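What follows is a set of notes on a single structure, which appears directly below.
Each chain carries a letter (A, B, C and D) given by its place in the written order, and its residues are counted from 1.
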Amino acid sequence: MAMEAAPARTPERQAFYDEIEPKNLAPLWEKLHALVTAEPKTPCLPALWRYDAEVRPYLMKAGGLITAMEAQRRVLILENPGLKGQAQITHSLFAGLQLILPGEVAPAHRHTQSALRFIIEGHGAYTAVDGERTSMEPGDFVITPSWTWHDHGNETEEPMVWLDGLDIPIVRLFDASFAEPGNAEMQAVSRPEGDSVARYGNNLLPVDWRPEAKSSPVFNYPYARTREALTALARNGDPDPYHGHKLRYVNPASGEAAMPTIGTFIQLLPAGFETRSYRSTDGTVYVAVEGSGETRVGGTVLRWRPRDILVVPSWMPHAHKADTEAVLFSFSDRPVQEKLGLWREARGNA
Amino acid sequence: MAMEAAPARTPERQAFYDEIEPKNLAPLWEKLHALVTAEPKTPCLPALWRYDAEVRPYLMKAGGLITAMEAQRRVLILENPGLKGQAQITHSLFAGLQLILPGEVAPAHRHTQSALRFIIEGHGAYTAVDGERTSMEPGDFVITPSWTWHDHGNETEEPMVWLDGLDIPIVRLFDASFAEPGNAEMQAVSRPEGDSVARYGNNLLPVDWRPEAKSSPVFNYPYARTREALTALARNGDPDPYHGHKLRYVNPASGEAAMPTIGTFIQLLPAGFETRSYRSTDGTVYVAVEGSGETRVGGTVLRWRPRDILVVPSWMPHAHKADTEAVLFSFSDRPVQEKLGLWREARGNA
Amino acid sequence: MAMEAAPARTPERQAFYDEIEPKNLAPLWEKLHALVTAEPKTPCLPALWRYDAEVRPYLMKAGGLITAMEAQRRVLILENPGLKGQAQITHSLFAGLQLILPGEVAPAHRHTQSALRFIIEGHGAYTAVDGERTSMEPGDFVITPSWTWHDHGNETEEPMVWLDGLDIPIVRLFDASFAEPGNAEMQAVSRPEGDSVARYGNNLLPVDWRPEAKSSPVFNYPYARTREALTALARNGDPDPYHGHKLRYVNPASGEAAMPTIGTFIQLLPAGFETRSYRSTDGTVYVAVEGSGETRVGGTVLRWRPRDILVVPSWMPHAHKADTEAVLFSFSDRPVQEKLGLWREARGNA
Amino acid sequence: MAMEAAPARTPERQAFYDEIEPKNLAPLWEKLHALVTAEPKTPCLPALWRYDAEVRPYLMKAGGLITAMEAQRRVLILENPGLKGQAQITHSLFAGLQLILPGEVAPAHRHTQSALRFIIEGHGAYTAVDGERTSMEPGDFVITPSWTWHDHGNETEEPMVWLDGLDIPIVRLFDASFAEPGNAEMQAVSRPEGDSVARYGNNLLPVDWRPEAKSSPVFNYPYARTREALTALARNGDPDPYHGHKLRYVNPASGEAAMPTIGTFIQLLPAGFETRSYRSTDGTVYVAVEGSGETRVGGTVLRWRPRDILVVPSWMPHAHKADTEAVLFSFSDRPVQEKLGLWREARGNA
C-alpha cells in the first residue's frame, strides 16, 4: 500500500528537514509507513524459557547473591530477545520470576502498576494484599491490584517461585507511575486468610458492598478449583478447535478481567490435541502448568514441559500441540485492547 | 523511598548479570527504581509552537516541496523536544499540522489509529468520513474514528490547516496497527453533509440504532455551537478556580469521550483570569483558539496567542493566565487512563 | 396451549379451595392460564381523544371550576376506557392534560414519580426544575425527573396546556411513592434560563460533572431543534417502512432514555406515507403534533389531527397513515422493559 | 402535605365529573393524594406461613387432589392477606409452594416470567433448564430465567417441595407475557449435570462466551457452598447491626442480581442477635432456613422456625431476632427499583 513507502528524499527536502528539526518539527511523510502499518509489526520475538534447565539454576544463584530484602523484589526479568534491555516480555507487559527463600520477606509497598503472580514452585509461602494473607500453591493465580499494599513472605522450609506479570510498560506510556514503601516490612494482618474468597468468591457479594476499584475483590484464584472446572469441561464436551477448553479469569463483581490492564486465561489441551492456527493482536505469555507439547509460532517451534514459559508476539499465527493432556496458563493486554476498540483475532490462515 | 535506588553492583553480581543476559534474563533490582517511580517521571518537556511566526512559514514551504498526494498526508509533526525523533508530542500521543492547498486531495484510507482534527485556518475544505463530507471552519473539532474511511479535500481558494491528534504511540504499544488504502482517491459520497449531526447530534438518536463502535456517531462538533455554550456558561456563573469554564466533548450515545483513546476539551478563561496550580497524569496538548495569555509549567512560561500550540507534560503543575478573554482547546489520553484506573489529579500545591 | 385452560373444578377440589382460602393459600392451577398467557392480554383498549372538539372545551370548563392552586395540578386524566377509574392510559402509565391560566401558578413540590410534559398549546409559560425555569412552546418536550423540585407558572396572556405523562402505576406497583410540598409556591430561581442546555445539551458536558441521577440533565428538548432534525432526515433518506423517520430522545450523559421509566419518541411521516403493520410490548401514547392521518389498531381506525391524543395497547398490530406530512410524538415504558429483558417487537404480520 | 387531601367536591364539580366520565376524562385533583403519596402506602400486610403446622398438610392434600401433570404446576399460592384473590405475596411478586411427588413430572414449558426456586424439603429431584438438569437439596437456590425451557421431575422416593418466586405482577403491569408449552413433557438433556457451574461458577468464564441474556448463566447456587461462605463470614467479623451477615446472590458475568427482576439474599443471624430497625422500599419475602426467631414488622410479631415463610411489606420498619443461630433466605424486587432509581432504605427510626 501507499503508506508502506516514504516519498523520495530530494536534497531540497533534506535541507528542509534539517531546517525544521531544531524547531521541533518533522515531516510525517518520512515516517508514516513506520507509524501506521498495514498489519502489526512488533519488535517482539517468539521465545521460550526452559524452567528446570535454564532458569531455575540462575534463580537459585541469584538467591545467593542478593537477599529479597536488599533486592526489594528478587526477580529475574524475562526479557523478550527483540526488546533487550527494556524489561518487556511483550511490547506492553513485563514478566519475571520471583524467588523467596525460607525465612525471607519481600517488604510491603504499593504502586500504580497492577501485578499478577502465577505460582511455579513451592508450597505455602504467602502474599498479603491490603491486610489479608493468602498462602500459595503451584497453579494458583494471585493478584495485587493497582495501589494495594502487598508484601510476600516465606515461612516454609523450601524456596518459593512464581511468575510476576505487570503492566509496567503501559503505566510508563501513560506517565502514571506512583509508588510508596510501607511503614513496616510486613503489613498488619487485618482479616483472616480466606476472607475475600468467602465474601466475594462464591457467586455471592456482601449486600451493601460496592466496588471502589476496577480490580477483582477476590485475589487468589486457587488452582484446585480452576483445575476442577477444566476437568469438568473436558469431560462434558469437545474442545474448541482453536483453543481447546479455554476459560478466562473474571472479576465476579463485573464479569470483566480480574485486573483492568491484564487478562488471564487457563486452557486444557487433551492428549494429542492440536489447535488450528490462530492469531490475535494481544501478544501473550504462556506458562506450561501440566503436560508437555509444542507451540509453533511463525516458523519457530517452542517445545515445552511443566513450568516452562513462552511468549507469542502480537498477530503471529500460532498453534499448540499437546503430547499429553496439558494445561496452559496465559496472560496478555487483551482487556485494554478491548476497552479501546483495538483487539482483533483471526482464525485459520485468514 | 527504597525503590528509588538500586543495590550495589558488586563484581560477583556484575558477572552474574553478564552470564544471564544471553539467556534473556535480567535482574529487576537494577531497574526497579526506574520502572516503578514514586511519581511520574516523564521524558516529555513543556513546549510551545508559535503558529504565525514559527510554524506557518514552514508549513507553507512544505506546501511547495511536496504535494498532499505524494505525501499522502502533508503533515509537520510537532515533536516533543524531550522525545526527538519519536513522533510524539506527549508520551502517548501524536500531534501534527496538516496543510491542504486549494485543489488538493489527501487520498482515502483507513487505519486503526483514531484521529482528531482541530481546525486552525481556512474555510470550507472538507473531511469525508465513511461516506459523509463535512466542511470545516476554524475551531471545529472533527473526528475520524478508528477504522473509518477518510479523505480530505480543498475545493476553496485558500490553504486549509488543521491540527491532527492521533493515538499512534498507544496503538504501537499494543502492536495493533492495521491500515488500508482506499480504492479511489476520494471515497464516494453516500450521505448528504450534515446527516450525522441531524441523526445523532441533537439529543436524539435513531430509534433502532445501536452503536457498533466506541466512537461518537457525530463527527463534526462545530465551533459555532461550542462557542455559544461557552458564552452562556461564562454569562451564567463563576469560573472554576482551576479550569475556568471547561467542557469536555462527548459521544452522545454514551456520555463517554468522542473517541475511546483521546479526550478533548474546550475552556474559556475570562479576561485577566488566572487559574490556580493544577496537575494531572494526562499530558495535555493545548491550542489557543481565541485570546492571548500565558501558561506556566514548572519553571517555564509559555506565552501564547491565537493558533499557538503548547504541551503540558504529565503531572507537571501548571496554571493559565488570560490577558484577554481566551478559549483553549485541548486533548489528552485521559479517557484511557480513566478506563484503566490510572488517572489522578491534584489541585493546588498538594 | 395447556396453560390456557384450568383443570376441572370438582366438588372435592372446590371444598379444598374453600378450606385453604382463610390460610392465605390458593391453587395456582386455577389461575395459571390467566397469569401466564401465551401472548400479552392487556385490559387496555385503543382510544382517541379529539383535542379541539372533545377535550379542550372540558379543560377550559375545568379552568372555571377550580384554580391551579386549589387543584395543585389542574389536570384532566386521560383514562383508558378499558381501565376506568384507574387513572391509567396504558397499564403502566398515566397521562393527563394540564391547564395553567394566565397569572396562575402550580405550586412547587417533588415526588418519586417521573413526569414528562409535551406542550400542546400556549406560548411562554414556564416550568421550573431544581431552580431553573424553561419557557415552553408547542412541541417542546420537558422533563421533571424523579425527586426534582418543580413548579409551573403562566405569566402570559393566554392559557397554556400540555400533556403530562407519568410513571404513577409503575411507582405504585413497587410501593415506592414519596412526595414533598415545597416551602414556597414558587421555588427560587438559582440558574438563568437556558443554563442546562448550554451545559449539557451540545454534545459537551462540564469537565468534572458526574451524573447523580439516571435522568437527563437537559430538561427541555425544544421542538424547533427536534423539527430541524426531522426535516433533515426526511430530506436525506427514505423513511423506515415501519416507523417513517423516527428518533428517540436521549440523555446525552448516557445515551439512554431521558428518564429511566419512560421512553419518548418523535417521528415524521411523509405525506401519503403508510407504515406497515407493527407491534411491540410497550403500549404507547401518541400525540399528533402536525398533520392529519389515521392509525389502525386491530380493527379500530383512529383518525387524528393536530393535538389529538391516542393510545395503542401492548402487542396490538397497528399502522399509521399520513394524509399530509405529519409529526407524531409518543411515549411508552419501553426503557423499563428493555432493562428487564421483557421488550419484544414484531414487524409485519408475524 | 397539600397532596394528601382532595379539594371539596361541590355540586358543580360533581356534575362536571359526571359529564366528562363518558369521554374517558377524570379530574386528577380528586385522586392526586392517593396516586402520589408522601410515603409508600402499600396494600400488603405482614404475614407468616407456618410450614409444618399449616402449609405442608394442605400441600400434601393437594397432592391427592390433582397430579402435577394435570395441574401443570402443583403450586399453592401464598397470597398476601391484603391482596386476596390477586396471586401476589408483595405488590410486585408472586410466591407459591410447589410439590412434586415421587414419579411425577411438571412438564416442560417456557415463559417471559422469571422464576426462582428455593428448596424447602426433599433430596434429589431435578429441575432442567435449557437442556441441563440440576438435582436439588434443601437450601439450594435455583433459577429458571425468562424464556428458558424448564421442567421438573422427581425420581426419588420422597416428596419434593420448593418455594417458587416469580415476577408475574411485574410482567403483567408491562403487558409482556409470552408462554409456550414444550414439545415433550421432559426436554432432552443436552449437557451433563454440573456443566453450568463448571463453566460459569468458579470466577472463570468461557473465553469467547458473551451473555445473551440478563440472567445468570449459573442456575443452581447450592446451599452447601453458600453456607460455607456464611460460616466464614460469621467467623471472620462482626455482624452488621441491621442485617447480620448478609450476602446477595450475583450473576458472575455482571455482578448484577441473578435475574433482572428479582433480587435474592441470604443472611446469617448469630444466636441471640437482634437487628436494629430497618426499612426499605422493596417488600421482601423471607424463608427461615435454619434456626428460630422472630421478626417484628410494625406492630406485628412473626415467630418463625425452619421452613416458615414470611413477608415484610414495603417501607415497614422491621427487625429480626434469632433465638439460635439462624439463616434467612429472602427475595424482593430491589434490582428493578435500583435500575429505575426508585429504591430507598432507612436505618434506625429515621
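To be clear about the criterion, a residue touches a chain if its C-beta (ideal position, glycine included) is under 8 Å from a C-beta of that chain, and two chains touch if they have at least 3 such contacts.
Just so it is clear, the model here is predicted, and its values are computed rather than measured.
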Each chain counted as touching chain A and chain D at once: none
Identified repeat of the A-D interface (over half of residue pairs identical), from C-D, A-B or B-C: B-C
Averaged-CA centre spacing for the pair chain C and chain B, given as whole angstrom: 43
Centroid distance [mean C-alpha coordinates] between chain C and chain A, Å: 52
Whole-Å separation of chain centres (CA-atom averages), chain A against chain B: 30
Multi-chain contact residues (two or more partners), chain C: none
Residues of chain B touching chain A in the complex: 1-3, 7, 10, 12-13, 16, 19-21, 23-29, 31-32, 35-42, 44, 47, 49, 54-55, 58, 61-62, 65-66, 70-81, 84-85, 87, 90-92, 94, 96, 107, 109, 111-113, 146, 168-181, 213-215, 260-261, 281-283, 313-315, 333, 336-337, 339-344
Chain D-touching residues of chain A, taken from the complex the two chains share: 191-192, 194-195, 198-199, 201-208, 211, 216, 218, 221, 225-226, 228-229, 232-233, 235-237, 240, 243, 246-255, 265-267
